[in-house]
Amino acid sequence: MLTNAILSGLTMGGMYALVAMGLTLQYGVSRIMNLAYGEFVIAASFVAFLLFTSGGLSPLVSLLIIVPAGFAVSYLVYGILLTPLVRRARSREALEADSILSTFGLLFIVQGLMLVFFGGNYTSYSYFNTPVQILGTTIAANRLVVLGFAVLFGAACYFFLMRTRTGVALRAVAVDPIAAGLVAVDVRWAAALAFALGGAIAVTGGVLVSMFLTFNANIGVVFTMKALIVVIMGGVGNVAGALAAGIILGLVESFVATFVDPGLTIAVTYAVFLAVLLVRPGGLFGTAK
Amino acid sequence: MSTLLQVSGVTKRFGGLTAVREASFVVKAGEILGLLGPNGSGKTTMMNLISGNLRPDAGGIAFENTEIAGRRPHLIARDGVARTFQLVRVVGEMNARENVMAGLAFRKSPLWGSAAEDEADRLLERVGLAGRAQTPAADMTYIDQKRLELARALGLKPRLLLLDEWLAGLNQTELEGGVSLIRSLGEDGVTVIMVEHVMAAIRSLCGRCVVMNAGAIIAEGSTGDVMADPAVVSAYLGDEHA
Amino acid sequence: SQESVRIGYVVSKTGANAGGATTSTIPNYELWVHEINEAGGIQVGDQKLKIEVVEYDDRSSSEEAVRAVERLATQDKVDFILTPWGTGNNLAVGPIFDKYGYPQIAGTSVTDRAPDLAKRWPNSYWLLGTGGSYAEGFVDLLVKLREEGKIGDEVAMASIADGFGIELSTAGRTALQENGFKLVYDQTYPLGTQDLAPIVNEVKALNPDVFIAFSYPPDTLGLTDQARVLGFNPKIFYTGVATAFPLYKDRFKDAANGVVSLGGIDPNDEKVKAYIAKHKEVTGKEPDRWASFMTYAGLQALQQSIEQSGTLDKEKVSEVLRTGTFDTVLGNISFDNENRQVPNIFTVGQWQDGEFVGLVPTDKEGSGELVFPKPEWPAAQ
Amino acid sequence: MKNSPAFVIGAGAILFAALAFVPFYVDGYGLALAIGIASYTILATAWALFSGPTRYISLATVAFFGVGAYTVAVLGEVLPWPLVMLVAAINGMLLALVVGLSTLRLAGIYFVIFTFGLTELIKQLVTWYEVKITRTVGRYVFLDIDQQTIYWQLLALAAILFLVGYLIGRSRLGFALRIIGGDETVARHVGIDTTHAKVALFVLSALFMTLTGAIMAPRWTYIDPAIAFNPQVSFQAVIMALLGGVQRLWGPVLGVIPMTLLFEYLNANFPNYFILILGIVFMLIVYLLPQGVAGAVSSLRAWSRRDGKSVEEAR
Amino acid sequence: MLEVSALSVAYGKHQALRDVSIVAAPGEIVAILGSNGAGKSSLLKALAGLVPKSRETSVTLGGKDISRLRPHEIVEAGLALVPEGRGLFGDLSVAENLQLGAFAKRARQGEADRLARVLDMFPRLKERRAQMARTMSGGEQQMLAIGRALMSSPDFVLLDEPSLGLAPVVTQSLFSILGDIAAAGTGIILVEQNTRASLRIAQHAYLLENGRIVGQGTAAELSADPAVQRAYLGL
């Protein structure tokens, strides 16, 4: 039962972390509080579903199409819809309020498009749902894939942000966009890049979770909020934090469900989140000001 | 002169770094005390400890014989300790008058309404911002913001005023104006602790100085004596000022 | 006299309830309007009147539903109002239907208070009945199986923590305990739970003969998925809402075989066959095998009561609704005078070779035989 | 003269008195619309009362609203109405006190998401309690309170809210909050007890939200945690307030009225593309009215005033 | 050569700079003198591309027109600013701040050498490489800001009050370091309230008042000018 709980927690946690990583880039670096984030996740789920059911394309293969597309769409969204707001923003708060309002509109637009194209029905398909035996327990292969991607993306992002020049530049933009310009960082490019990378991660998450979760055009907000919780708990802009927070929440959930009461799982995850913030107001890895 | 502030054995650590180490000194009522030291020696930290922005790890701070170490800043401010900040802090979206009224409205004997407005304008005039009452603080230059900060601090009717490099960045003429402003405060009976790297100002204003280095107090005494202290010269002043 | 019948409705086209509404409610409203208009309209007295629709989205909010129904009644002045999706919104709009005298034929509300509500609002009809009827019908089936020595005493039950799940699980628990079953697992899980593996793992370790989940669509699919991956195959595997959806069949194909749930139909009934075919033709997808049928039957009853009374007068139509008998996809039905529900529905059904066959009440015409035990899950693809 | 308190309060009183007659002139839908506007006016204005000056964006609105609604669901048929309201008020204020005190160290987005998480936690705990202890997750509220009465109650509450907001705006408390919003360190060093000030206003704003929930609950007959604690309410209140403008007391209402009417208009005309068109309209508003509606109104007024002056000068 | 002509800057209706022209040669130190609010910071910010310049403005660096470039392109072209208030990345470490200083493509070569030089110049930075910039003392931050600007291997550095908040002993060494930097070929535009010290190391100086250039000359000429002496030297 213990290994079951751990494994199940790790896989769910991996999913939370993966989905949150994109948001932490978008909010942490580009300073866009993207309320439409979950809609991008679900849109990718729909596309993967469509490619699978009508084209017989494996979701893992469709990643090769969907991820670049997600990157490109996000890049355009930033370039066309958000850049005017970034330019007119006089302060961080102003940009925050503006981005909340405009991505709220974007949320409706993307959701509206999904409703028009796919309707409000529940959608579900099954791929790679084969049982895999590890450590004496069974788990669906598709969930392991998600965990694998989470760890891979987490490591890649961490390395990218901490060790590469471009990564440090993105972090610099996160800290102070004006000063970043003074050290030759093209701030608009960096912000668009981070936003697009975040979008690419979002759609990756969407494709992967579509293999085992039932979704419809209306549940994007669930992913947005979950991602926000993870991002905040990990510390804004901190990829390692997001990974850790996601996995902690996943484990907490599965342990409570297994050993305490499934009725309390969500309550306890929120309680853990709140407790972390009470002790560390800047998140697990954040720096309290 | 009676003792207004007594700092005894105060220590403050940030992680592994001891920013202030068992520092003790006194400030007498009515004096203008210079607090000197190289960059990173703990001067601002000391100001933060006195004003309640930081809590000491050890030691005591007595203001008018009452222990204030670790009290919350708003209580210390109401007791009559006002300060300015090394990196100016004004409320950008409020105008100058409102910024000063912030100092008036919450002190022990608060002023509010038109009385506060009149007093705010008077203080603005005193720091050289006459006629700027309606200017948003964010649109003012750095130096003007510093003036504004001082007016706000004066609004608290302080008995002890902490100035953290308030004169930094003034040119010669402005410096002279600033020095005489601080002197006039002293004449009004306000006790001042000033952190400053402008030696000319220290020489002309401060009767006594305390010098810190690496968190510890390395010299205390009359300005002339302190400036001649070889330890101070080598750690802080350099040969030019010797 | 008027040229058309104005029919209004407010449903959740967006928001949390949209999944349910788009499955069971909206397609049937569209189908019904399409059929009537295709046939030239409703016969009202001596003229045929086409239907003109006024529709709103309640965005899954009770407050929006209330306001929209007020709007339909007072601004749009529609002749009849079709009901919103779900228990909460039907209760929210109940007082307004009542205030303006509209008959309220709810096809997607399960509530133990159905009898009370029918008394409180005399023009209201709660076709899906009470949670108790579903739970009790199922427990009766279990009792019989135990008598036949096919299953033991041990039952595991999981339910969603909202009104529906709690009403059903409460009724189920009482019925099970009264009949001497042992609940080896009895837990709820909150709405929005994404990870169901812990529940299935734990239940599997207990190895009960019967697993019951009073669940909602995403969890119904998730539980089935996990049971299959983890190789949990009890003799009776019961999951809640969405099991009777075409989605379930499409998703699980052969693996759906033997799964038990609420609802069910008689697949050999001609009317049922025709309805399914027409539904598919007009809306592009098959109806679910539970609430869609009640919803559609309710619409047929409304149409017939208008035709029988020969008027659009709400009073008179309501009178006919209360007392008449209607020829519907559920067969000939009349609304139980006491509590205004349809007595003639299947409460338990099972997927059998691609059709969700109604089993209980066993004495109802066209009821099928339980396939027992549930076949092994086929190997996953 | 125009800004003297007596004038402002008097004008407000006349306006509210006039609004009290609305139910006699509109049909059921009109009343429902008025109720919707009134309730969101209170929520958005109460939200801005705290969040406007301090810039702490709270998503806990529905936590208080839901507590009010739930109090009615539990006690509505047990206690007389005024007592129910009193209990709701106490519950809401106690909750706000806990939230206020626990969020003191949080800033920015951490505060935002904390308040969201807290709301969800409360929803989960209420659900769990109902499941485990009372075994009634959906509660039925059958109260004989008609729609006019609901409207009048909301109107009265709104009137009190505007009065309180007006007085606070002119008080030292309101000033303290603006300083806190500007720079909390400065606030502390000019003698403001920031804890007191923030918590006091947070509790006050929560009180109005709670009472709104309590007044609205009888409209729905059926209340479960998902209905009472629907996070959409928090979002909508924030969005409306931001759109209207939070720097002025009357700002949020300028977001509430057009937004509500826009929702109604789009819903009636494009029920199937509602969300899509709403999204587009929304983005347009954000781009075209950078300062919010109130900001636009103000600059319009400033512009017309300047215009007026130049005419005088020309003479 | 850095050549600025017809530079004007306005904040809304407020005209902060009018028709300002200055030139600086490689390796030259040019001091800008002016009272509080004269527009010195605005001048430097305008050159760095942080505030919009009027259409007539022309700024050329080594013959290349840089008046329309965005801040990062200006750095790339060889002009680095140490702004008022320092503009450090508070949440990044000292080492990362310095690394970012060399983000410009022009600065990639010889980065290691330059880093070693900067750390030599300011040994305190070497001790505190891992400390977060935000927690450094005021003077330490000033050192970091100058060090970071030098990391971009600029042709010209714009320094806005670099001695602000530095202890006297550090100020002295700063001025001698500035002399060394210039001697190594990097031009410096220096805005500094410590007029005496800056005129001592500068070759050329401009007087700015109310947004206009009201005087200029060699440092020696200005030091001898009685008006300058009265206003800026306190003699």
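Labels for the chains are A, B, C, D and E, by order of writing; each one numbers its residues from 1.
Just so it is clear, contacts are C-beta pairs under 8 Å (C-beta built on N, C-alpha and C of every residue); 3 or more make two chains touch, one makes a residue touch a chain.
Nothing here was measured: the structure is a model prediction, and the numbers come from that model.
Engineer: Any chains in contact with both chain C and chain E?
Structural biologist: Touching chain C as well as chain E, we find A.
Engineer: With chain B gone and nothing shifted, sort the other chains into their touching clusters.
Structural biologist: one piece
Engineer: Could you find the chain whose CA centre sits the greatest distance from that of chain D?
Structural biologist: The chain lying farthest from chain D is E.
Engineer: By CA centroid distance, what chain is farthest from chain B?
Structural biologist: Computed centres place C farthest from chain B.
Engineer: How many Å are there between the centre of chain B and the centre of chain D, using C-alpha atoms for each centre?
Structural biologist: The answer is 43 Å.
Engineer: As a quick test, compute the distance in whole Å between the mean CA positions of chain A and chain D.
Structural biologist: 31
Engineer: What whole-number Å value describes the gap between the mean CA coordinates of chain A and chain B?
Structural biologist: It comes to 47 Å between the two C-alpha centres.
Engineer: Can you compute the centre-to-centre distance for chain C and chain D, using the mean CA position of each chain? Integer Å is fine.
Structural biologist: For chain C versus chain D, the centre distance works out to 37 Å.
Engineer: What are the residue numbers in chain E that touch two or more other chains?
Structural biologist: There are none in chain E.
Engineer: Can you list every residue of chain D that touches 2 or more other chains, as numbers and ranges?
Structural biologist: Touching at least two other chains: 124, 127-128, 131, 272, 274-275.
Engineer: Give the pairs of chains that touch; include all such pairs.
Structural biologist: So the chains that touch one another pair up as A-C, A-D, A-E, B-D, B-E, C-D.
Engineer: Which chain B residues qualify as touching chain D in the complex?
Structural biologist: Contacts found on chain B: 51-53, 72-75, 77-78, 82-83, 85, 89-94, 98, 101-103, 105-108, 110, 112, 152, 155-156.
Engineer: Please give the residue numbers of chain A that touch chain D in the complex, ascending.
Structural biologist: Residues 27, 33, 81, 84-85, 88, 93, 96-98, 100-102, 104-113, 115-116, 225, 228-229, 232, 236, 261, 263-264, 266-267, 270-271, 273-274, 277-278, 281-283, 286, 288-289 of chain A touch chain D in their complex.
Engineer: What residues on chain C touch chain D, complex-wise?
Structural biologist: Touching chain D: residues 13-16, 55-57, 59, 61-64, 66-68, 70-71, 73-75, 87-88, 91-92, 94-96, 99-100, 111, 113, 120, 161-163, 165-167, 170, 188, 190-191 of chain C.
Engineer: Write out the stretch or stretches of chain E touching chain B in their complex.
Structural biologist: Contacts found on chain E: 11, 33, 35-37, 41, 84-85, 124, 135-140, 142-143, 161, 164-173, 193, 195, 230-234.
Engineer: Spell out the residues on chain B that touch chain E in their complex, using ranges where they run on.
Structural biologist: 14, 37-41, 44, 86-87, 139, 141-144, 165, 168-176, 197, 199-200, 235-241
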